[in-house]
Structure formats: structure tokens, C-alpha cells
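Alright, structures below, take your time with them.
You will see two complexes here that share chain A, one where it goes with chain B and one where it goes with chain C.
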Partner chain A sequence: MKKSLSIIFLLIIFSIQIYNVIAIQRFPKPEFESGHTQPPTLTPSPRAQALDILDVFVLAAALSIVSWLVIKKRSRKGVFWMSVFAVLYFGIFREGCVCSVGSLQNVTLALFNPEYSIPLTVIAFFILPLVYTLFFGRTFCAGVCPLGTLQDIFALRPMSIKSWLEKVLGVIPFIYLGLAVLYAATGTDFIVCRYDPFVGFFRFEGTFMMFIIGGLLLLIGVFIARPYCRFLCPYGALLNLVSRFSRKHITITPAECINCKLCEDSCPFEAINKPVVLKDKEEKPIASRRFIFISVIIPLLVLIGGFTASQFHENLAIVNPKVRLAKELINNTNYGEPNEEAFEITAFKSAGQSKEELYKEAAEITNQFYIGGWILGGFLGLVFGFTLLSLSVFRYREDYTPNKGTCISCARCVDYCPVLPEDRSL
Partner chain B sequence: MNRRKFITTIGRGTILSGLAAISGILIFRNSKEKDLCTYDFVCKECQRLKSCTQPEAIILKRKKAKNSVSNG
Partner chain C sequence: MKQKLIIGLSLISLLIVIVFMAKDFFRGSNRSQTNPYEYKLDNLKHIDPELITYSEINQIKPGIINPIAIAIDGKDQIYVSGENKVVKYNSEGNQILTFDIDSSSYCINVNSSEEIYISMLDHIEVRNPDGTVKAVWEVINERAVITSIATTDEFVFAADAGNKIVYQYDLKGQIIKEIGKKDTLTGAPGFIIPSPYFDLLIGTQGKLWLVNPGRHAFENYDFNGNLISSWNRTSMLLEGFSGCCNPSHIALLSDGSYVTSEKGLERVKIHSPNGDFKTVVASPDSFEEGTSGLDLAVDSKDRIYVLDPVKKLIRIFEKK
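This part shows the complex of A and B:
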């Protein structure tokens, strides 16, 4: 019965592909008589509007179901099957695009560049997971994000890593987030999509490097659960911040914690806050003095960060194709091509734009990077400052509780808890 | 309500307002753009040229600005 149900379910999913015939290209692809053939694209073909709307509904439904499974049902099994669905639907069927992780770049570009028209689907993919996180914790990461769920399936032998290393590596997503926003805001590139390690698996095509990096991350993920989510994902960094303010969140115990310690090592993401023994309590004046000291140096860290990053604005700007082209023309280096003219230079010459105009444009973009460098560095200084602050503050806990920021609500820990909701005396 | 809960509620409200504002701005811009152009690519006589963000309109506005600078 279960088998036939799953076959029917898969048939329904794949039959939706038929709707792709509604997607009509506005302009037909040009036909060349020179023997030129259209190169294969790495981006998916346009989707029908009906499918776009369906995607938003499926996203909302998946988020609702996972949130219900996590908060009400407390079912790890349910979350696992939703993970499988997410890989099949959002990953393979939708070819991993548009995903919420990448959508943050579209939103940034749309905010900084009014000429860019952002589709409503993309706005929904950016906003909906954030709203759900604000109310129910990171249920999106648990069973809806195809990147995370794919790694989750591979987390077979998770090992624990040192908490200081976890903290240090946990800063990387914020650096990646800052860079992604900077490059998207300046219209340079969507680096999160360009270096998406798993999209090749979803589309069954991609560059060799894409498969190597994706494969390596999955291999690492067997031992260190969800390495991309924890130490790279920029959207995860946003969800980490938002989740701290969530209205409801998964709890390890359905009732009062009995401190049986069974759940202590159940989390492969080191996201369980352990009780702090009362004898460790330090004197309040010392803790207060340290708190005030770090609070005072945070603005200093912001300034130092801003100044440092702004000094690297030219290095950051070189990724921009226009800045690169201008530099190649000024230095006459021809993109390192020794024999024939680089196609970028040929294209520039045939476009009819003067060199002066290009240089002016490149200077404007470089200036944007200078301002962006200040903001990026300031943001990173703030992140370092708050990380220091969080390390210096000791919270006294009596129970085992999930860390609201780093917990991805996978519901693994709930199976370890012997406390029953009805039986509080256990 | 204790201090921690109060801060969380304020934070949640702020984030929710921010998200609503971002969505509002983006949706408003999209809807505005759709109303603006009749897609006949004739910008010169268009009444809405000043606020139009279509590529053709931007090119024409740049040209106009350049001409006005060179004419003094």
C-alpha cells in the first residue's frame, strides 16, 4: 500500500512537468547560417507562470507541514520524508532554481537597482522562509531547503567538533553573506549561484569543478553534518539571526526536563545548550566589567573592519566585468591571451562605446566598492563583536535546550527524550 | 512579560516590519513598471517618460541629459 502510494505521489510530481509546454519563449532563438550552434546553457529554461505560482504554493505548504511536524507532531520521521520530497521537488524537478538561498541576491539587486524587475515568485521565495523562521524556527532548513536536505540525507556518521572551531567557522557564512550582498548590489555577479555546489546534482549537468566541490562537501557531510549549511550558507546566516526571535521553537522535552543526558550527544550540529552547573557561576562584577568592555570595543571593531575592507575595494571590484575590462585595456594585457585578441575586447570594440566612457563607468563602480567595502567591513566588525560578546556572556541553564540560532529543527533530539507529554512525573 | 521576552517581541516586530517593507517596495516597483509602458517602444512623446525605468526610456533620458549638458 505504502509503495503504491509513493509511486502515485511521484507520478503526480513528474506529470506536472507537462505544464512546461505552456511556457512560450517571447522571442524565438535566432538561427544562424554560419554553422554556429547554440551552446548548452547551465541555467534552467523559463517556466510557465502557472508553475511559478504552483511553486510558491508548494513552498508555503511544505513550510507549513514541516513546521507542524516539528512543533506539534515532534516527528523526525515526518521531517525526513519531507526532506526527500524537498530534494525531489525543489531540487531535481525545479532544478534548484530559484532557491531561497540565491534569492537574497535578486532581492539585493532589486533594492539597489530600480531598473531590475524582480519576479514575485523570487520575492516569495526570499520572504516566506524568513517569516516562517520568525514564528517557528529554522523549519525551512529542516525539511524544505534542497541544499540542506540533500546534505542531511548524507549525514550518516556525524562527529562532534570543538565548540571554538564551530564558533570560528560559524563566522564564514556572514563573510559570504556580506560579499554576496556587495556583489549583487553593485550588479557584479551572483556569487552564491555561481558557486552553488549542489546545483549540478539537481540538473544532472554542470562543470567538473562543480561536481568535485559538491561531491567533496557531501563526503565531508557524512562525518561533519551539513557542512555547507553550517559553515557557508549565507541565507542560513540570515535565518540564524531571525530564528533567535522566533515565537515558537522546537523543544527537546515535551514537558519538564529530567536531566537524563540522553539527548546530550544526539545533535549532529552541536546545537544543544547544556545545563550550566551552579558552582561555575562567576562573580557578577567581573562579568559585568567584561560585558561593558566588549560593548565599548564593538564600535571600534566596526570602524577597523570598515577601514580595512575599504582598502581592498580595488581587489574586490576586479570581479566586476567592466572594471576588469577597463584594467585589461589600460594595462594592455589582453586577458592573458598571447596570440589573438580576447573576445571581451573584440565585443567591446564592436559595441561602439568609447574607452573614456568605459573608464568613467569602471571608476564609478570602483567607488561603489569603496563605499560597499566600508559597509561590508563594518558589518563584519559587528559580527566579530557580537560573537565575542556571546562568548563572554554565560547563561545559567538548568535544562537541555536547543540553541535557537544554530538549531535547524531537524527533530533528531526529540526521539532521544524519554519524557512523555502526558507523563510529567517520569 | 520578562525582559528577554520583551526584547524578543520587539525584535520580532522589527524584523516582520522590515520584511513587509521590503516586499512592499519590491511589489510596488514591479506593479508601477507594468503600468508605465505600452511596449510600443516610442518614448519621445510618452507622458510617463520621466518616471519610466524601461531600458529604452533610460537610454533616451541619458541621451537627453548629455545633449542638455553639451548645449550648456
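This part shows the complex of A and C:
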């Protein structure tokens, strides 16, 4: 029965592919026999609308299945095979685009630029994983995100790293998130897509840099599981925050934890909170004083962060092509090209815009970066502050529990737990 | 110990990746030094001189503001039309007739009786050999752009780039058939004509040959409008045609080979009746960059006449 269903499902998927074949090629493709190499692009060719809609359904179905496998079935094996499916469908078949990770930039741009029309499917790709995370934890990361699942398959010899190091490196995704939002909001660039490490593998083409970064991350991922998810992914940072409020998160044990410690080293992501014995608890006055101190300095950190980042607004803004063009024209540096006029300058001249208009536009963008710098810095100050606070707060725990923020619900730990669901009654 | 070393190395590699990404982004190395999308045709414009088997033997400067079309009759008399004027030369290149027309002409053709057919965008004028008006054929519609005319003893064929169709007229100027309409039953593919270049001629076997420029194809129709055969050659190399729509003009040699002219890559070549590339008449070096609309004609000695609208010259090429 299962086999028949699988065959029917695959037949439906492949028959939809015929949709593209029906389209008649109006003009012959340009020939590039001159040796011209088409430059790799950040986005693949547009998909048929029917396929776009199908993608949303597949995403919702995949999220539902993975959540069911994690929460109800507690099946690591099932999650693994869903990971393989995610790599094949969301990665290779869909050429990795649009993905939920990158969609946060589309959503940001749509919020800040009314002229940008965001497709509903992109909104769905952004919202659905967040909604599922709010209910079931990061099941999207576990078996639906092609970036994460690809790394998961490569996590062959995972080793644990110090928890303080995990905390420190765990701040990087928030910095990346802040920068991604800033650059998307100002219409400068989609940096998450530009530095997507695995999209080259999915499309079987990409820049040399893409393959080097992707290959290196997969190699690192053999020993430090999912390095991109843990220490870079900006969408993961968002899911981390949302997952803390998840209603029905995976548990290591299906019933009462017997503290057998078998699961202690099972998580390759250091996402298991170990029991804390009461004797380790600090004296209350000391802990309270530290808590109050950090709580007081958080606003200060926000201000310092905002002020510091705003001072770098010109450095941040220089990445914007218009700001860069204005700077090159003012300084007459021609993008450092000594021989011929840089093509950006040629394009600007032929566009017919005056230099004054360009300078005005560049000044406005730079001002946006000044404001954005304050917000970015403030956000990072807040992240540092809360990280400090979380490190300082003593949490008494009797059981082994997943860290709802960092746990990606991969269900590895459940296989280590000897407690059976039937033991609930015990 | 080994584990610590692996973790240490992995973390260092991770930091290198992050630093590299940040440096690449902020230091601007993501800007390539050259435009990756730049479409360079320089190499293709250079043609091996050994492949050019024709040489330019003469030039005629017609006294027309914007010469557009050229035709040659059975006596090798040359007709050139353009803005408000038609000029006729004898086979020696001496002007023997000139007459005014109301507006700019788009193409010109002469039948065996030396009657001159001139397209005036949306209608056709038929002139007597002395240039006087014989007939004015009705306006087709406002979309019409007649870009080529071919004649037989019974019919006149006009290629309409605007409506993407060929009209078959009788000699009285009545449209009796439309040829080339897309038809899935007969397999007629329909014409793809993104720019006003749509040429036709009567082949050596008395059949109609049309250029389907968007497909880089030649299509052969009988006078009932049935598609008989076709060939297409898409290539940026000499073997074929490239760009949105080429060749822009064609002419017929006595052995059935086709002379073709292209825009984008300004060149004149000869293809055998089955479409294979034969030789080069004029390389892109012979024309100003951006030249388009190189109309062609062939005389009884298989000399090739190229109307160069930029240099405003009739350029005559002969086999070396």
C-alpha cells in the first residue's frame, strides 16, 4: 500500500513536469559558441505557477509529516528519510529557491519597499515554518530545510564542543540576521542568497566561491554537525526565538525521565539541558545582584551597540551599488580599473541620470544605513544582553530536556532513551 | 587529543569561512572586474580571409537620401528605391531613369515585363517601365509592413512583417490567399518576426521560399500555401544565423544557392540549397558597426549587389 502511494505520488510529481514541456520555444536559444560563459545567477529560472503552488502544498505536507514523525512517532529513521526527500525535492528539484531561509529577505524588502511585489508563495515559505515551529518546535530544521538536511546527512562523526563556545558562536546567526534584514530593507542585496553555501550543489552550477564555502562547510559538518544551521543561519536564529514558545516540543523521554544518562551525549548539537543538582545553586543574594546588574546594563548595551553600529553606517552603506557608484564618481577612481571605463560608470552615463540626482539618492541611502545602524546595533546589544542573562540565570532541572531554542528536533536523542511510552503509567 | 585537534581545526575552518564571506562582501571583491554579462562579438566578427571568396569590384552611389531596397531585372538593370525616389541604372551602372514616389518605400521588385512593384508600407504601387503609375493596390490594414515582393507570370507575393503573413495577389491586385499562417494540422509553424525584416523569393523550381527569421529558417511553400520543406541553421558561427531574427535579406544565385545578409553580425554569406554554409561574400569588417537592412540582388552573371544603407552605396561583389 505504502509502495503504491509512493509510486502514485512520484507519478504526479513527474507528470507535472510535462507542464514545462508543453511550452513551445518561440525563439531559438542564443548560441554561445563563441566561448561565452553564462555567469551563474543567484536565482534559477522562474517556475510555472502551478509548480509554485504545489511547492507550498509539499512544504505544508512535509512540515506536517516531520512534525508527526517527531512528536507522535518519535522516529529518527522517518526524519532521516524526510531529510533525504527534502534534499531531493526542495534542494535539487526546486533548485533551492525560494527557500524559507532566503525568504526572510523578500519579506523584509516587501515591508520596507511598497514597490516590491512579493509572491504569496514566498510569504508561505516564510510563514509556514514559523507557525509549525510555534506549535511543534524546529521540525522544519529537522527534516524540511534542504540546507540543514544536507548537512545532517553529512554529520557522520559529530563531536561535542564546549557549551561556552556554542553560546559565543551562537551569536553569529543573530548578527547575520541583522545584516540580512538591513541590506534587504535598504534594497541593497540579498546577502543570504549571495552566500548560500549549498545552492551550487543543488543546481549543479555556481561560482567557485560557492562550491568552496559549501564544500568546506560540509567537511566541517562531518565533525561539527550542521555548522551552517548552528553558527550562521539567520532564519535559524528566528526559529530559535520562536521555538522557545513552542506548544508541543519534542521530549527526550516519552514518559518519566529515569536519569539514566544514556542520552547525555546523543545530541550532536549540544541541545540537551542536563539536570542541575540543587547544591550547585548559587546563594540567592549573589544571583539576584548579578541578575539586576545585567538587567540594568542591557539597555546600556543596546545604546552602545546602536551608537557603535551607526558610526559605521558609511562602511555598511558602501556595499550598496548606488552609494558605491556615487563614491567612485566623486573620487574619480573608476572602480580601480586603470585601462578602460568601468562598466558601472558606462551604464550610469547611458541611463541619462544626472550626477546630482545620483548623489542625492546615495545620500538618502546612506542616511537609511545610519538609522539602520542604530537598529542593528541595538538589536545586537539586546542579543548580547540576553545571552549574558541566560548564562547567569540558574535553572533548576531534574530531567534531561531538550533546549527548546537550539534543539532542531532531529529525534536522535529519542533512540537513546530506554523508557517506553507504555511506562507513562508507572 | 585527536578529537580536540579535529574540533580545533574545524572551528578554525569555520571562522575562516565566516571571515572570508565578510571580507568578500565588505571589501567589494564580489564585483567582477569585467562585466560577466557582456556579450562580445569581436571574435565572431573576424573571419578567416580564406573563407571570403568574393571581392568588391565596384560601387554605385545612388542619389537617394535613404536607399532602402534594391532589385535587378532580366536585363541586369538595377532599381534602387528609398525616401521619395526610385532610381534605375543600366547594367553598366549609368542612371537611365528616376521618378518620385509619395513616401518612403520598403521594398522593390521588377517582373519580366519590367513593371516595377514598390511597397509603400501598407500598400503596393505598380509602375510602368517608364515610372508612371499603373495601379495602386489597396491598403491591407494599419498593421501592415510590406518588406518584400516576389513576382511570377501569374501571381505577386508580398511578405507582410506587421501581420506576419504572406499575401498571394493576382495580377489585378486582388488578394487570393494568405500563406504561412500557423496551422497545427498542416504543420505550418507560423512566422516569428520581431523586427521588420521578412524576405521572400521565387526559387529555381518555381516555388516560394520564405525566411522565418525568428526561427533562423527558410521555408518552402507551393502556391496553394502548403509547406513543402524547410531548413534552419542557428549558430553564431558562419554555419548559421543568430540573434533574434536573421537572415534579414536573401537573394538567389543561378545554381539555387542563397545569398544571405544578417544584422547584428553584419555579414553576407552564401548557403547551398539545403542550407549548408558555402562561403562568405562580405565579412563584418566590410560594414559599419550596427548596419542593418543589407538588401541583396543578383544579376545574370551571379554578381552580388549589396545595398549598404549606412554608407548609402550599392556595393557589387564578384567571385574571386
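What we mean here is this: the second predicted complex is superposed on the first by the 385 of 426 C-alpha atoms of A that agree within 3 Å, B and C clash if a C-alpha of one lies under 4 Å from a C-alpha of the other, contacts with A are read in each partner's own complex, and residues count from 1 in each chain.
As a convention for this text, a contact is a pair of C-beta atoms (placed from the backbone, for glycine too) under 8 Å apart; a residue touches a chain by one contact, two chains touch by 3 or more.
The structure presented is a predicted model; accordingly, all values stated were derived computationally and were not measured.
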item	value
First, second, both or neither for A:E356, with chain B first and chain C second	neither
Which of chain B and chain C A:F343 touches, first, second, both or neither	second
Contacts of A:I172 with chain B and chain C, given as first, second, both or neither	second
Chain C versus chain B, contacts on chain A by residue	C
First (chain B), second (chain C), both or neither touched by A:L111	first
Touching partner for A:E283 - first (chain B), second (chain C), both, neither	neither
Partner chain in contact with A:I127 - chain B first, chain C second, else both or neither	first
Common interface positions of chain A, toward chain B and toward chain C	none
Residues of chain C that touch chain A when the two form their complex	3, 6-7, 10-11, 13-14, 16-18, 20-21, 24-26, 28, 30-41, 43-44, 192, 194, 214-216, 232, 234-237, 240, 242-244
Of chain A, residues touching chain B in the complex	107, 110-111, 114-115, 117-118, 120, 123, 127, 130-131, 134, 242, 244-247
Residue ranges of chain B in contact with chain A within the complex	8, 11-12, 15-16, 19, 22-23, 25-27, 29-30, 33, 53, 55, 58
Chain C-facing residues of chain A, complex	26-28, 30-36, 39, 159, 161, 165, 169, 172, 191, 194-195, 209, 213, 216-217, 219-220, 223-224, 227, 231-232, 315, 318-319, 324, 335, 337, 343
